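Letters A, B, C and D name the chains as they come in the text, with residue numbers starting at 1 for each one.
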Amino acid sequence: MENPIQTDFIRWIVFLPLLGAIVNGLLGAKIQKSLGKGAIGVIACAPVIVAFILAVNGFLTLKGLPPEKRFLIDNLYRWIDLGSLKVDMAFLIDPLSSVMILVVTGIGGLIHIYATGYMHDDKAFWRFFAYLNLFTAAMLTLVLGDSLLLLFVGWEGVGLCSYALIGFWYHDHANARAGNKAFIVNRVGDFGFVLGMFLLFWSLDAQGHASLTFREMVKWAPSIQNMSLWGWPVVTVATMFLFVGATGKSAQIPLFVWLPDAMAGPTPVSALIHAATMVTAGVYMTARMNVFFSMAPATLHLIAWVGVATAVVAATIALTQNDIKKVLAYSTVSQLGYMFIGVGVGGYAAAVFHLMTHAFFKACLFLGSGSVIHAMHHEQDMRKMGGLKQWMPITFATFFISVLAIAGFPPFAGFFSKDEILWLAFTSDHGNKAVWFFALCGAGMTAFYMFRQLFMTFYGKCRADHHTQEHLHESPAVMTMPLVVLAIGAVFVGLIGLPGVLGGSQFAHWLEPVIAGHGESHASHALEWGLMAVSVSVASFGVFVAYLMYRKESLSPDTFVNLAGGVPYRLFNAKWYLDEIYQAVLVEGTLKLARFWSAFDAYIVDGIVNGVAAVVRFVSWLNGLFDTYIIDGLVNALANVTYWAGNRFRRLQTGNINGYLYGIIIAMAAAVYVKIRYWT
Amino acid sequence: MSPNELSSYLTIGAILFGLGLFTVLTRRNAISVLMGVELILNSANINYVAFSHFSSGNSAGQIYAIFVIMLAAAEAAVGLAIVLAIFKLFHTIDVEAAETMKD
Amino acid sequence: MQNILTYMTFIPLAGAAMILMLPNNAKLVRWFSAIVTVPPLLMAVWLFNNFDRTTAKFQFVEDYHWIPAYNISYTMGVDGLSISMVLLTALLSFICIFASFGIEKAVKGYFALFLMLDAGMMGVFCALDFFLFYVFWEVMLLPMYFLIGIWGGPRREYAAIKFFLYTLFGSVLMLLAILALYFTVEPHTFDMRVMMAHASKYSTAVLPMWPFNSWGWSFQHVIWLALFIGFAIKIPAFPFHTWLPDAHVEAPTAISVILAGVLLKMGTYGILRTNFPMLPVATADMAYWFLGALGAWNIIYGALCAMAQKDLKKLVAYSSVSHMGYVMLGMASFTTQGLNGAVLQMFNHGTITGMMFLLVGVVYDRAHHRDIEGFGGLAAIMPVYTGITALAFFASMGLPGLSGFISEILVLLGTWQKYPVLTILGASGVILTAGYLLWTIQRVYLGPPNEKYLNMAEINGREIFTLVPLGIIVIIVGIYPGVVLDMLRTTLDSINAIVIPHLHG
Amino acid sequence: MDLKNVASLTFFCPEIILSVTILLIIALDLIAQSRRWPAALALIGCLCSLIVSFDLYSAQPGLLFHRMIVLDNFSIFFKVFSLSATILCILMSIGSNEIDKVHEGEYYALLLTCTLGMFFMASSSNLLMAYLSLEMVSLGSYVLTGFLPHSRRSSEAALKYLIYGGVASGTMIYGMSWIFGMTGSMDYAAIQLALSQEGINKAALFIAFIFILAGFGYKIVFFPFHMWSPDVYQGAPTPFTAYLSVASNTAGLAIMIRFFFPGMSKLLASGDWTATAGVEWPQVLLALSMLTMTIGNLCALNQRNVKRMLAYSGIAHAGYMMMGLAILNNEGLAAILFYAVVYMIMNLGAFLVVGMVSNVTGDEDIDDYRGLAWRGATVPAICLAIFLFSLTGMPPFAGFMGKFFLFSAVVKQGGAFAVLAIVAALNSVVSLYYYAKIVKTMFLDSPLPEDKQVTMAANNFTLLLPLTFLTILFGVYFGPLVQYTNYSLRFFIK
């Protein structure tokens, strides 16, 4: 592999948003007071837009290079240098990260602009943008970092910002708790991530190739092929650990519970962090480490099944939700599941492709829902909406396009990306029919619940109260413009990843330097057409059912609610009771453990210490009595004997001084006894 | 110079020592206790004189005994003075009465 | 600059003596003490600039005969291990003087004792003669006893005497161990450098008496344990830690900062300074249980205990127990990453926990209680304060970009190579840490503002002045850890190299 | 050098000076009844004697008065030591309210008599001399203990002391008579020679040794012969208690070292000692030393009377010092001497402050020390804290160095002595508790309204500050003192 090309503009992609965050964070309150919210907005948006331009520049630079040279690096300084651990503060643009930074800065920029409108009435406007910029910087670090450790820096950084933004309206304890939950669940994932990182590092170190730099790690990956740990191949263990990290960040079973709660944050945050960028970090990471994952079939198998399970479980929950954002949240979880199915069947490129298209349409959906919520005065219950399309045509149009995209109707973006994953699940070496089948069911449910949402929100009669209805309005241009841009993306972006029968994927080709030759399959065109037809018809079926239930209302939802005694409905509606189980087992368990050990500390450990002291004091008290009572008592007894021996039956005569003297006699007698008994 | 003779002196000394101890341990009259101390001293004296006569071959033991007698007198003087003071303050010379200090 | 270490140590002591002669004017005394701590701080900066990072040798060495008859000498010097601690001590002493400006009772006594404490701490880190080390080690106890006992909280007497007895218990064992080491080497010497050079003289033959023969313990092992107990009490390692929560809760803010920031480091410093290079065989044998496993247990145990606390300061105290566990764990790894990470963690813990105690002090000064449940919504009332708190808490949690991240990740990375299971335990502490710190943030700072404290004053200039330098260090070390690691690396690698040949398997 | 009576007088000047002083005081006391001059005269006599004592270093070591008294560095050290203690005690007495009430001429005469007795204790090389010197100190001490007129406690203490001392010394001479019988000699050197012969009844010898231990034990105050001391310390006038606690028990150690080292063990060519076969006196002393320090410390823990607490602490310190004897090496002996000096300084200092406080409050209860630092006695409180921490063995105070040398001597011996070292070390931790209790009461407790202001007379400071200074000085610069004690460890054996 050739040496990457040194540049010095990449750092600014990270630093500009960071600068925005610092300026707004430290001086935001003053700026907002003196220059107004507009200035804050400019300070926040400008760096992201400039970063986007730089990202495009990076992309074009890469494009101008032959594929094998498509690596741009910006090395700032040696960050850590200890023994074999040498980590640079260096940023890398290669085909994979170029896609990611375009998504992050592009969609991120749009969301920033949107947020200037959405958050306009908030007093802590500056703080919001400081966090948002910081998030962008962290996310860019995550995707640009040239080593696993730097990736982890971004990984944790986005977690922090996510925490801060979920709990942005911290006056409500529920929001703060949601933030905590997100952070702590993510920490569980991070725990796995670092262990995976350590294991890979030391395995490579054992082969003499210690490094955490992606290019080096990939280069030497084959060297650890035959190593094992605890009876498993090292790569399997390591990738499992890394995947634990991914389940945390990308909200997969069993760690997805934080994402729905994360909707407590402002809607732009949900769009940016919890739909378009941060939650996809796990997918990015697996794609980044694809060489290792490919070396571990067992892990891939696990990932595929976790992906399927997540996709289906989240979809079932989404079927029953009435909160407009909750539906989208579970839909996000479900879509992330699809991405992991892609990873699991070896289709990293397909997963990243779905990541990208999903970023467009899901951001659009979230922002659309934000627009609705904005209009509805922060009402999020879909049962109180309806018929909104007459008031909010642009929102409706963009939302409708995105729903089509996510439901998987050609030629919208979601169709190509999701179908690619289904196709790979069906045909690739790592895939199998069961995975494909369940994923297909999930796709049908997706179509159902998305259209359900569409119908409940924008069609029919408005169910909002009178006051709200009076004030319904389309959102300002600053909010609708991003919607339009994203909707356009949701329509067209899929075209860069056409299926094989339509000419093959440009996108997969672009990623080849990083993700080479994985997940390709060589089945017949007829099968490919056939599967496309199946998935479109399943989606159509879902739409049809939704139409019957929520548009024509000829089919009552209750039919399904009461199905099988209502058990499935209750299960779905209660999110499979996972929150309750986690709360009861893990949270309460930990707290109980904490209280137990704390009590142990206070009473047992400290008790022992104090006990020792008490014993010493007790002994000393005894000793204090020693002179007075013990010796005396002993002495009195002895005196009795003496008196008896002398036939003198008198009252005990020994006073204190006599007692002291007995001490002498006893001691001397004892010494002599010991001497005679033991020493001679 | 038969050893039997020596041992009979030593036996007397030992008995005297025992009696002295017995006295100081059992008597509560301060004067009696002091007399017990005198007995102990004199038991040592008997030993000294006997050893001096029978085994050492010099008069060191006898000289020692003389010094002990002298010191016994001094001690008795001091002792009686203290007992007098005790009597003044406590109106008794019972050693058990003088027990104001203890733990 | 000849004798710079001596100046750093004794300028505060001279200052303490001069304070006693000053008129009884609180303001004067405060500013005088502040001025006294400036020269050591400047000298520390000078040391930082002039320290040769390429050698493991002791630098700025001063060597004078003290008691030639017993070969006791006055030897001072720093190497990569101690220099970071010296810098930390100079900085925290300076800061804590300002943090003590609120002291009203017996001001002269307080500052005089504080400066004595400063001298003792500096001496411990500079001393190269074991006897001198011990003297400084003990000298610190007295001012600490009074500082907690006179200026502390309601249960100060209990806390002070507990701290005192605990530490003395450890240090008498240490004294005996020192003497045993002293008599083993011919000619008898207390010079640590000579003792390190004679490490092979310390017998490793299994002692013939029970119970040592059944454990396979030699002279080295016994001495190792005696020294270890002395140091473990300071760290504080489970089960010797129970003095810490009491001492912290009762001590005035600045003293808590010193306690957590400097005193705890002496334990691990001592182990690295003495146990490692002088008793390498025993170190290799004992590290797993006494440093590694105990360290991992410390991490989890401290975190769980912290989680259950209702008192903010006690929570921070237990978090110290947890964080010092990382230091022990890293030391046990014998990898360059683990060891450097451990010492970096010592430094970082000093700055981060220092901040945390200062922050607790800020709110205590205003509310006069530290009950976690008794606050709520402080973020809305004191935004700047909350911002700084967040920085400290996140650094403590080990978030990247802040110093705690580097050291924790290095420790865990280094430990993984030797003890994967312990690493997993230690890393799970990261989750717990996030748990209790976030929960605390939520309960104290977030949520609806507490009606009682709506008018609470925002953090003032003096308090910010004490916090900002630490905050800056936390960030700088997080972004460019080389600033500390470069000083440590060479020395620690050489210490490590002494032990490594004795490791089994 | 083995001198006859008249020739000996040349080397007997310190004793002669003291004797003359004593006689002068007695004589003048008959003529002039005044308050101050007896103290001044005693002081002058002691100082002269002290100067003359130093002069003896130039003399060749040897035996005086037909081998009754030995002149060597060891005995000169104790002369200097006893005189220093006496001088400090006289200075303390001058400032004490208690002594104001008594007949001063007699008081100082008796005090000097005790000192003279201690001279002989440290330099006796003969059983007879040992007994005589012991009794000389004892008789003076009985009287001085009961010297406070109209004090029940004082008289009671004197009676207990007298009876206990009588029995103990009687037991001792009974034991000595057996030694004499078995060896046919009173002279230590001859006894040593005879004991190393075959045919000695070891059981009888052991019993004799135990009997003798009673006499020494009661003087040194070690377990189980310690029981008199708390009562006596509490009852006696404070300056004399101080004197008793440092001079008397150190003199006891001196006589014991004389008896056991030149008398009952052999000096090897290597400079080490070996105990005479058959008498396991090092083991016995080892056990007693551990018991003594433990019991002393444990009993001290719960004391509320500070003098009584210091009495028990004195017992513990006697235990520490005995370690130096039991380990049978020269380092141990040197450590004892060093310890004796620093113990004298810090213990006298502690008693000085105790005396100051009881001058004001009339009692020594720990409650009288409540918030002492905050009621006008900050400097004495700080000084007392220093003395107490020094007694604990905390650096940078002299007491630490004392313990350090003792511990190092023990550790050097190694092996099973490690147990002794650990016991001693743990004991010093325990001792911290009660010493710190006083410190706590003085500094950490707030005075109650009924607590009196404690103001100190200027002349007390003139004694207190030098003692404090010495306590710190010997903690950081102890080289000369170490050299001096090592130099003093030269016995004349022949």
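Everything below uses one rule, namely that a residue touches a chain if its C-beta (ideal position, glycine included) is under 8 Å from a C-beta of that chain, and two chains touch if they have at least 3 such contacts.
Not measured: the values here are computed from a predicted model.
In this assembly, B is the chain whose CA centroid lies farthest from the centroid of subunit C.
Ranking A-B and A-D by contacting C-beta pairs places A-D first. One finds 65 Å separating the Cα centroids of subunit B and subunit C.
Measuring from the averaged C-alpha position of subunit A to that of subunit B gives a distance of 94 Å. With centres taken as mean Cα positions, subunit D sits 75 Å from subunit A.
Measuring from the averaged C-alpha position of subunit C to that of subunit D gives a distance of 43 Å.
Residues of subunit A in contact with at least two other chains: 613, 624, 627, 656-657, 661. Within subunit B, residues 21, 24, 33, 95, 98-99, 102-103 each touch two or more of the remaining chains.
In subunit D, the positions touching at least two other chains are 159-160, 163, 167, 171, 230, 299, 302-303, 433.
Only residues 389, 392, 394-396, 400, 404, 407-408, 411-412, 414, 418, 421-422, 425-426, 428-429, 432-433, 436, 439-440, 443-445, 478-479, 482-483, 486 of subunit D touch subunit C when the two sit together in their complex.
Across the complex, subunit B meets subunit A through its residues 21-22, 24-28, 33, 94-99, 102-103.
Within the complex formed with subunit D, the residues of subunit C that make contact are 66-70, 134-135, 138-139, 141-142, 145-146, 149-150, 156-157, 160-161, 164-165, 168-169, 172-173, 175-176, 179-180, 182-183.
Those residues of subunit A lying in contact with subunit D across their complex are 613, 616-617, 619-621, 623-624, 626-627, 631, 656-657, 659-661, 663-664, 666-668, 671-672, 675-676, 679-680. Taken together, the subunit B residues at the contact with subunit D in this complex read 10, 13, 17, 20-21, 24, 30, 33-34, 36-37, 40-41, 43-44, 47-48, 50-52, 55-58, 60-61, 63-64, 67-68, 71, 74-75, 78-79, 81-83, 85-86, 89-90, 95, 98-103.
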